[in-house]
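Think of it as A, B, C, D, E, F and G in the order they're written, each chain with its own count starting at 1.
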Amino acid sequence: MEYIYAAMLLHTANQDINEENVKKVLEAAGSEADEARIKALIAALEDVDIEEAIAKTAVAAAAPA
Amino acid sequence: MPHVASWKKEEVESLKELIESHDVVGMANLSDIPAPQLQKMRRSLKDSAVVKMSRKTLMSLALSESKKENIADLEGHMEGQPAMIFTDMNPFKLYKILEASKTDAPAKAGSIAPADIVVPKGDTAFKPGPILGELQKVGIPAKIDKGKIVITNDKTIVAEGETISKEIASMLTRLEIFPMEVGIDLVAAYEDQTVYTSDVLTIDEEKTIADVQKAFTQALNLSVNAVIFNKESVPVLLQNANTKAMNLALNADVLTSKTRDMILAKAYSQMLAVASEVSGKDADAVDDELRE
Amino acid sequence: MEYIYAAMLLHTANQDINEENVKKVLEAAGSEADEARIKALIAALEDVDIEEAIAKTAVAAAAPA
Amino acid sequence: MEYIYAAMLLHTANQDINEENVKKVLEAAGSEADEARIKALIAALEDVDIEEAIAKTAVAAAAPA
Amino acid sequence: MEYIYAAMLLHTANQDINEENVKKVLEAAGSEADEARIKALIAALEDVDIEEAIAKTAVAAAAPA
Amino acid sequence: MEYIYAAMLLHTANQDINEENVKKVLEAAGSEADEARIKALIAALEDVDIEEAIAKTAVAAAAPA
Amino acid sequence: MEYIYAAMLLHTANQDINEENVKKVLEAAGSEADEARIKALIAALEDVDIEEAIAKTAVAAAAPA
């Protein structure tokens, strides 16, 4: 979940969720920053309204993990 | 001072001494307390309070001669068979203890119902006989069933605040329903220049618990909503953060260690949903394993 | 199930769910493409609202938890 | 939660929630009054409508359902 | 609620909830301290296990959430 | 979901979920095949028994319904 | 909430949640790092098991709907 947390952190801090920023945050947290995963994260979030996605109950979230 | 009998003087002096030597002076009403019960209560209060019965005039005299400010106001709270209580307990606590020590007692003709008096439905100990008519006469629905008198419905026979008639009082006693509360009624209590009346002295413990819970909930709400970190708010904030992060990951289909299985399952169940629609149109449109 | 996944993939990619496309996807996935089944699938899907079917899953999945 | 109760107490008494007051209340309660935490409290409450924040359920927000 | 807040503050600070302390806290908060209400509060709280009451709230809050 | 559907398609067709295959499927479906997202997908699925993951979650979701 | 995400990020990356680390992460995210709030967060986390707190969400989420 590091990548998601990093994205949430940037979002909450009103910063752009871009490669550079995500990488910076992950590295500051001592986490390995995999370029491909960062790119994938950003691509996945590109078409998403983050506020809405955060607030919208996810289907699977309801399922007891 | 006008001429008074010396025993009266002594009694006033002794009351005055008790007033001076205790922080709290209560005015109670001892009406309707049978003597043995009063004895018992006195004994149980022995270490914490003194109950003193006296003539109204003597108590008034003692109160008016006391130097304690405003204590004379207690005079206005003599009711029924007044008695004075002396204690060092917080007056609210005294009231609570006296209320808790009250016991159930039979109704008496002319008493006021302290609450609705209900005769519950069900069997009675009575064998068939004239009592059936007597029950019906006071308005209790009863019939004979399998050799016993049975009350057919719950029946409120005296509403709260109403006077209990002689017939009903005697019937309630025969039914072993004891609707009265007997004990020392603390009408008012004096402490530190103030006279507290019973309505003020009543403590609602359930409300206190509810208030404690409300205060805690409010504090937790404020902490979480204003993002103030303390050991109560942080777990909730973590949960909220986790929920939001999970929502984002799942809604954006980002595979993580926590979302992976759910996203795969989501794809699978979506496929099943589409397959079920499709097979509903044409069973041959899906492969064997999807046919129901 | 491959046929359904293939159809959903085309749907998500905003491509026509037609014989040619379904066949192409299945073959790319190394799956045998049975012409008759593809035809049946396409005919059946004509009356199916994929979005709606998917949305229903979401509801069903959310409800139980 | 001392700091929060102190703030709520001042709020209910229509007093300013400022450093001096919070400190006074905490000290009256025999609680250690950490200047930094008081400052953080005041900063956090600055833009907050306390009435609203007290009433808004915090825990239910966690429920996705 | 001032009286309850004051009591909760003292409880959280591990102080005795007695007349003197409650009065001190209320006065520090600029709140009028009515002796009778303080006495009533203390008598009422004598039989209340604050921790237990709180724990029940927490459970209640967690369950439906 | 294209990437997920592509992976599920390959899985169902008993094909390896590797970069080349995922890319081939996505392209056949007329979907843009983002290298980073493919890599991330494969990395995320590496140690996963898809059947088990589906079964586990599906059971959990279905049980309480 | 930045502080919370920063803590979760460090936790997930198996790093110590201490002042220095939290500050580093927050600054990498372009967020203002208030020392007092960081201290309060760390103090509060001392008694909190993050895994457990998070796990409770799942339970709470599963219970209601």
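Couple of notes before you dig in:
The criterion applied here is as follows: contacts are C-beta pairs under 8 Å (C-beta built on N, C-alpha and C of every residue); 3 or more make two chains touch, one makes a residue touch a chain.
Note that the structure is predicted; figures quoted are calculated from it, not measured.
Of the chain pairs listed in A-F, D-G or D-E, the one whose interface repeats that of C-F (more than half of its contact pairs identical by residue number) is D-E. Just to note, of B-G and D-G, the chains joined by more C-beta pairs in contact are B-G. Annotation: 33 Å between the Cα-based centres of chain B and chain D. Here the CA centre of chain B is 20 Å from the CA centre of chain E. Work out the mean CA point of chain E and of chain F, and you get 56 Å between them. If you average the CA atoms of chain C and of chain G, the two centres end up 42 Å from each other.
The set of chain F residues that touch two or more partner chains comprises 1, 5, 8, 40-41, 57, 61.
Under the contact definition stated at the top, the residues of chain B that touch 2 or more other chains are 215-216, 218-220, 227-228, 230, 233, 239-241, 243, 245-247, 253, 256, 262-263, 265-266, 269-271. Across the complex, chain E is touched by residues 90-93, 96, 191-192, 194, 196, 200-201, 203-205, 208-209, 211-220 of chain B.
Those residues of chain B lying in contact with chain D across their complex are 215-216, 218-228, 230, 232-233, 236, 239-240, 243, 246-247. On chain F, the positions that touch chain C within their shared complex are 1-2, 5-6, 8-10, 12-15, 21, 24-31, 61-65. Contact residues of chain G toward chain D in the complex are 34-37, 39-40, 57, 60-61, 64-65. Listed in rising order, the residues of chain D touching chain G in the complex are 36-37, 39-40, 43-44, 59, 62-65.
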